[in-house]
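Scroll down for the structure; my scribbles are underneath it.
Order of writing sets the labels: A, B, C and D. Residues in every chain begin at 1.
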Amino acid sequence: MIKVQQEDFDVGAEISGLTEGNTSIGGLACFVGLVRDLAGEKPISAMTLEHYPGMTERQLEQLEQEARQRWTLMDVLIIHRYGRLEPGDRIVLVATASAHREAALESCHFLIDWLKTKAPFWKLEDTGSGAQWVSARDEDDSAAERWKDKP
Amino acid sequence: MIKVQQEDFDVGAEISGLTEGNTSIGGLACFVGLVRDLAGEKPISAMTLEHYPGMTERQLEQLEQEARQRWTLMDVLIIHRYGRLEPGDRIVLVATASAHREAALESCHFLIDWLKTKAPFWKLEDTGSGAQWVSARDEDDSAAERWKDKP
Amino acid sequence: MRLLYFGWVRAKIGVSGETIDPPDGVDDVRSLVDWLSARGGGYGEALGDTTAIRVAVNQELAELDAAIAAGDEVALFPPMTGG
Amino acid sequence: MRLLYFGWVRAKIGVSGETIDPPDGVDDVRSLVDWLSARGGGYGEALGDTTAIRVAVNQELAELDAAIAAGDEVALFPPMTGG
């Protein structure tokens, strides 16, 4: 399931919703991305996430389908926020549930790696010395690339 | 932090406790292990976890230290339950927080892989046809082995 | 044709989107970008270096040589930074 | 010397632990296991195949050739199945 929203989310409630009543789940992996107070060396006071409504949902749904094709998953949840966030705020939640831990852990890792380069979001950071757009990082490209032929 | 307990835990509260007030955390990875309703092909009605009090805490603390030496982590939490559990019940929580997602994801994966073979727990499953001890799995040994030389 | 801009492409151009009637010869993304870029000003700044630009046609990622036609929704933006 | 048994080792032996006074010559885990195993019955069943047994001495994992002495806490158990 995909949710693109401005509001915060409740990690515990979201995770319980995923596993409740399904006793064939053996493992649930999750990742929560948060706004850090530092961009490189510079302190930041806020981060604004711009996104492409419509395309974002489509891309995330495609990512979910890709994960479900690669691993045997009981459930997948991706929540991605947009709008103005402050350090410590949650940005993204990825949670995957499977009968087996390996499938849950790997697919969760895969999804967050792919989100970094394939989800249409753009981040603007407010620093003391003005606003700056977050650049795509080469490490994120290689992290996504790593999953190209797997499994 | 290590907790070995009979009671259930609240994933949302535990995770919030880990990140709250620390705005240098960029990513939190977590894994929740649950009792499955199947052991191989056989349905199970309950699972009893026996452990070695004292040694369990020592082993888990050593695992936490090992993870902190390998990755730069802001926080580590391992909760492992013992006693009688039913399908759908939570068994274990591993959560790791770091400035960067890769460290959080890898260390979480590492910890659950090592827990499988290095934490002194033994599982007894109640099936319709009697109780059976869960055997150590070769896959779990190789999963733990994989982390031997990393990173 | 509906155009959408995001991130610093939007910031440099100064609008988040516009509806255009592309002239003859503008039949793929590359020719569209060249045509917009030739307007100069913010367009030139935003779109001058095509290696820095990513594209979606009708909400699907596309390459610069993707064909486009009247009625399409074309989005131009910097590399994505999701997650 | 305090002995502890877990998992099916405990189930086969029938007690979860005992305090013993090992005879001369029982100075490492292997000789302890052989001595216990020679008691026969549940002990023989539980400890006959040493490849299936894991060991901790004073709550640290140890090998069969680990030295042991009076006052030690020695635990014998099957491979662990945590997580």
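The working rule: contacts are C-beta pairs under 8 Å (C-beta built on N, C-alpha and C of every residue); 3 or more make two chains touch, one makes a residue touch a chain.
None of these values were measured; they are calculated from a predicted model.
Colleague: Both subunit B and subunit D are touched by which chains?
Modeller: none
Colleague: Touching both subunit B and subunit C, which chains are there?
Modeller: A
Colleague: Report the inter-chain centroid distance for subunit A and subunit D in whole angstrom, where each centroid is the mean of the CA atoms.
Modeller: About 48 Å, centre to centre.
Colleague: What whole-number Å value describes the gap between the mean CA coordinates of subunit C and subunit D?
Modeller: 73
Colleague: Nearest whole angstrom, what separates the Cα centre of subunit A from the Cα centre of subunit B?
Modeller: 22
Colleague: Cα centroid separation between subunit A and subunit C, in whole Å?
Modeller: Distance between chain centres, rounded to whole Å: 26 Å.
Colleague: Among the residues of subunit C, pick out those that touch two or more other chains and give their numbers.
Modeller: 83
Colleague: Would you mind listing the residues of subunit B that make contact with two or more other chains?
Modeller: Those would be 33, 101, 112.
Colleague: According to the definition of touch, which chains form touching pairs?
Modeller: A-B, A-C, B-D
Colleague: Could you list, by residue number, the parts of subunit A that touch subunit B in their complex?
Modeller: By the definition above, subunit A touches subunit B via 10-13, 15-16, 19-38, 87-88, 99, 101-102, 104-105, 108-109, 112, 143.
Colleague: List the residues on subunit B that touch subunit D in their complex, please.
Modeller: Answer in residue numbers: 33, 50-52, 54-55, 58-59, 80, 91-92, 112, 115-124, 133-136, 140.
Colleague: Of all residues in subunit D, which touch subunit B in the complex?
Modeller: 4, 6-8, 10-11, 56, 59-61, 75, 77-83
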